[in-house]
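Shared between the two complexes below is chain A, which pairs with chain B and chain C, respectively.
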Partner chain A sequence: MKKGLSANTLRLMIPVVSLAVLLMAVFWLQPRAMSYMGMNLLFNLAVPIALATIAQMLIIAVNDLDLSIGTFVSFAACVTAVYLPTAPVTGIAILAAAIAAYAVIGIVIHLRDLPSIVVTLGMSFVWGGLAVLILPAPGGTAPVWLRSLMTAAIPVVPLAIVASIVIAIVAHLVVMRSTLGVAIRGVGGNSRSVARAGWSVLRIKAAAYALSGLFSVLAGMALVGLTTSADANIALRYTLLSIAGVILGGGEFVGGRVSPLGAVVGALTLTLAGSFLSFLRISPDWQIGAQGAVLIIVLGLRLLLSRREA
Partner chain B sequence: MTIRKILAASAAVLVCALAPLSAQADTAGKKIALSNNYAGNSWRQAMLTSWDKVTKEAVKAGVVSAADAFTTAENQATEQAAQIQNMILQGYDAIVINAASPTALNGAVKAACDAGITVVSFDGIVTEPCAWRIAVNFKEMGRSQVEYLSKKLPKGGNLLEIRGLAGVFVDDEISAGIHEGVKQFPQFKIAGSVHGDWAQDVAQRAVAGILPSLPDIAAVVTQGGDGYGAAQAFEAAKRPTPVIVMGNREDELQWWKKQKDANGYETMSVSIAPGVSTLAFWVAQQILDGKDVKKDLTVPFLRIDQDTLDESVKTTQKGGVANVEYSQADAEKVIAGAK
Partner chain C sequence: MNNSLEPQPVVAARGVRVAFGAVTALDGVDLDIRAGEALGLVGHNGAGKSTIVNVINGGLTPHQGTISYGGVDAAGGGVAAARAGGVRCVFQELSLCPNLTIVENTRLMHQGLTGFGWRKRALTLIRAKLDEVFPANRIDCTGTVGELSIAERQMVEIAINFIEVTEAPRLVILDEPTSSLDASLAEQLMAHVRRFVAAGGSVLLISHILGEILSTSTRIVVMKDGKVVVTKPVADFTAKSLVEAMGSVIKEKTHAATRTGANAAPLVVDLPVAPGSAFGFAARKGEIVGLAGLGGHGQTDMLLSLYRARSSNWRPQRPEEIAFVAGDRSLNGTFPLWSILRNLSIGDLGALSRLFAIDRDREDALGADWKAKTAIRTPDMHNPILSLSGGNQQKVLFARALSTPAAIVLMDDPMRGVDIGTKQDVYAILRSEAEAGRTFVWYSTEMDEICLCDRVYVFRDGVIVAELKGEEISEEHVLAASFSGEAA
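Now for the complex of A and B:
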């Protein structure tokens, strides 16, 4: 028991330490960042990424992978910017239907035993097409309440930090503490024993996908709150960022081993890595490579430590 | 009396000596950044080279203290928004943007404005009202072609229109401008219209296909990147070469020069110069200098005429587009023209 706990703490320690090291490096390069406004500017775009990472983590928890998160978040952003300010009922209905569609995708993947990568890759074109249909040219406006929520000036601690902490705590309660969360991770770990224990794997998978859809919708809404309007291609890079965030945060592709706290920290680390490289004035030709190098270093560290653990 | 005169004179000398200095000193400590979303084609490469060349000289001359260019790696709006937010932290006084999306950067642009930073967008403009926009007037680009032809061919005649890629905003705008021009100069009639996709080979095939069904063509109106292909098609069909309006591409200019040297062929060529980034730089500098600048400005066209052709052929790189770097005076002219 005690050993397991320390392994889990260790798993969480690496992303937290890398975030802290990166943050200190950024502060050293750019002392202006060490302020209320600076922290907000550094991290506010990480809030939607953190939500998308949690969404991806829920799918990874049941041993699947979602390649449509980027286009789905873009779609949710378009719906938010087009319908929520003028026809909130229609907008909420569309978003609810989209979440239901996610549950159906989960059911289809489970029933037909389809590879999730193929199904979600196909769905990414569907979501992309729907986004263009809803918003053919970039535009739309953020609902006033959403804009003021995302730009709210909370005393002392910037909103971006507070939001990240809230997301981490909520996700932690849902995934690590609730019955459903245990069942979801159980399906990822050993779905047969979960079924033998009298659970419906189908229902659990549908719930995991629906929850993931919900977090993606929240990511799209948060993004629109920050950008004030949408674009059908606004969040395409979230697909890969969310996967990298989960893995960086101590999650694993199989076995239901995920960490919501780590996922949020992973998303923050990825965002910060981009700023760090930009402050370093690394040429854009090298930036993707450098971002990859940061990932490899962190993952390499993890591998070393887990070897020692074993 | 004399002492007073001397005093007045020396004061005047002092003022005269200080005036140009103070005009420069206002922005000498300012830092300007370029946020660019994409660098993957020859137009964008030329744009960045022009920026580098002009701003390096401006920094050396002490007009501004820094003018750094940043390009995002993945051409994604959220990535560019983060880049702009980083620029706010880096303490730039002005940010010049070629945007990945007209709307998705608005939050970051607003944050920059709120931090007291001057934001100037060009080419890929942003819709956030606090930013300045230097936009291309594609409609006028189409209309001006017909206007030129009305002077060159006062009697008018049949026109062949070569359009760009169907369904793209730019294609619709230029074509609308051409049709507007035809309405304004009714001696012209559009006898046929094909899509050349802004590519010489596509244009050549399309023109060759429609030519047999057309009456005598007096002139060809184009969108750029298609004039050389059209000329080839006319030559292959053994029809007299009409006045083909060119689009500043190197192969088009070469062909024009060859014709001009051989038989005095006359036309004109018009497009947007990649050096428009330097215009945006000077506009940002003027705003920082306290000048009153309208929020919406228009990119001037780079037009090549019979007398400027030889010079342009010499300076245009093989496979490239004719380019021009703008000066502070050019920016002042554009600003004054918008009022």
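Now for the complex of A and C:
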């Protein structure tokens, strides 16, 4: 029992430790970041990334991969910025239809036994095109309630931190504690035995995709709340960031091994890595590469630890 | 059969027929499993044991015939109908989700565990059942399945299937349940099966350990070639008569006379006796060595380790001294998008190339040569490989191995689902190639192929338990060695 616990704890320890190390490095470079305002600025953009990471994690939990999250979040952001302030009913209907479309994608992938990478890569062009149709030039406005929600001043702890904790807890309850979460991870672990036990793998996959779509829509809305306007290319980086966040947080590409808490910490770490480089006065052009380097270091550490376990 | 005075059987199969392509897996099977009986099911490879299990648990819909649970016909009901009928199945290969905890696996197997607090209830249920079936086990039920040993996983899977949540299990199918348990755990399980049956439940037990079948079952069904051949109470059987019942009704001698002088040929493979094995593995030049026994008892592992030992990991050597003919054509045999010729010539491109480019004329000549030798039925070797029938695809794979200068050819049950005509062609090629000095190591699940070999090793539980030579190679000897008489 002790050995098992330590293996799982270690898995979560690595992202937590890397976040702490990175945070200390940032504070050392820029002591003024160690304040309410500083923390809020550092982690503000982590909220939509954390939501997108949870969305990606749900897909990875059923052994698939979603390459359309970036364009889908952009699409959701465009719908939010264009329709929600003026025609909320239309906007909500479009977003609900998009979530339903996600469930359909899951069904098609399962029924036709298609590689999810190919289907979602194709869908990424569809979402990108729809986003441009809705919002040809950057613009739109954030609904007032969304704006005030995302910029709310909570005493003592900045909103970005509180929001991340709430996202982590909700995702943990859904994915790790609920029956649906068990079924979703079961499909990732051994879909044949789940089917043999009398479950409909089709329904489970559709549910996982729909949930993922829901979290992506929330990511798009959160992003608009922060930036107050949208753009068809606003979240393209999220595809790779979300995958990196899941893996960084202790998840694995196959086998249904995912950790929602880890995924949120992973998203925070990746956001912070960007800020860290800005403090080092390194051009933003290098940020993607640097995020990749952080990922490689963490994965290397994990490999070393798991070797020692074995 | 007149059941009007008895209660309805838990499961009744009537005239069940299942065919996979040209192969008939079940050929009109009638089977009743009544409450309060432990039915032992035995048979050799291809007898149809796993197919009937899959029909009973709803995973496979029979092409003809009916299946009913407790008198209720389950036409097209699938897994759900079987589970509603109280059928539970412990599969031969482990089928838990390794990434989930034991409690979560329990939840997945039991849809009735709903509502708030299911974790706590599942934990109590599985804890109690594990302690009931395997007293004094030390499994932590909150842990992840992936951290358990193979034996512990098997124990958990068995216990999960005996749990009663909303309805009691009426029939538990145990397919080789003791394959990874040691003797004392296996005895605990058999004791539990007896208690379960005495309390009115029923069990379908499949095992290659005849001692378990004889000591635990109340009735034994013997299957062969997709048919039930004998059904009798356990008292009418001994280990010996059971083995005899599994064999052919008519004993025919198909074995060719052993070639004289074969024993003097030099050894090309000579492995020491592995731990637990009764025999080492050796193969002589020009010999056809058969690997027999029930499927999955270590034959393929043997071929793979032979292959690894003889081939270089890094740079392929010239000439490669060993070739492999895969059993699962679509998985690791053919290149489905390539032509027949390309599929053939990939075996030894080095011999066909000049200045790092493939010499087309030499490749065509090779193709024409082997097309004639193995009688591949195609108008043009440039046609796609998938235009061929399964048997002819298999010939191409043989030709791929035989066109290399390899001295040893390993064959992993390559003739599954191949028509009889093609088989005869291939047997003739094998014989002539062996006479020319090539060594064949042939894993086969088909008895008539085993009888073609010069020498046969029988595998059981991953080790070699018998070596048969010449006249000794017969179905009854192979069967007797494949099934262990006493409990493990």
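Simple rule for what comes next: the second predicted complex is superposed on the first by the 302 of 310 C-alpha atoms of A that agree within 3 Å, B and C clash if a C-alpha of one lies under 4 Å from a C-alpha of the other, contacts with A are read in each partner's own complex, and residues count from 1 in each chain.
Definition applied: a residue touches a chain if its C-beta (ideal position, glycine included) is under 8 Å from a C-beta of that chain, and two chains touch if they have at least 3 such contacts.
Small disclaimer: the values here were computed from a predicted structure and weren't measured.
**Student:** Overlaying on chain A: chain B and chain C, fit or clash?
**Tutor:** Fit: chain B and chain C sit side by side once superposed on chain A.
**Student:** Taking the superposition as given, does A:189 touch the first partner, chain B, the second, chain C, both, or neither?
**Tutor:** After superposing on A, A:189 lies in contact with chain C but is clear of chain B.
**Student:** A:179 contacts which: chain B (first), chain C (second), both, neither?
**Tutor:** second
**Student:** Which of the two partners, first being chain B and second being chain C, lies in contact with A:260: first, second, both, or neither?
**Tutor:** neither
**Student:** In the overlaid three-chain picture, which partner chain does A:236 touch, first (chain B) or second (chain C), both, or neither?
**Tutor:** first
**Student:** Contact-wise, after the overlay, does A:288 reach chain B, chain C, both or neither (first, second, both, neither)?
**Tutor:** First partner only, chain B.
**Student:** Check the contacts made with chain A and report whether chain B or chain C touches more of its residues.
**Tutor:** Of chain B and chain C, B contacts more residues of chain A.
**Student:** Just how close are chain B and chain C at their nearest CA atoms in the overlay, in Å?
**Tutor:** After superposing on chain A, chain B and chain C come no closer than 35 Å at C-alpha.
**Student:** Any idea which chain B residues touch chain A in the complex?
**Tutor:** Residue list for chain B touching chain A: 39, 68, 70-74, 76-79, 81-83, 85-86, 88-91, 101-108, 110-111, 115, 127-128.
**Student:** Show which residues of chain A lie in contact with chain C when the two form their complex.
**Tutor:** Residues in contact with chain C: 1, 3-4, 7-8, 179, 182-183, 185-186, 188-190, 192-199, 255-257.
**Student:** Going by the contact rule set out above, which residues of chain C touch chain A in the complex?
**Tutor:** So the residues of chain C touching chain A come out as 57, 59, 79-80, 83, 89, 91, 95-100, 104-105, 107-111, 114, 118, 140, 142-144, 147.
**Student:** Which residues of chain A touch chain B in their complex?
**Tutor:** 30, 32-33, 37-38, 41-42, 44-45, 48, 138-140, 223, 226-231, 233-238, 271, 274-275, 278-279, 281, 284-285, 287-288
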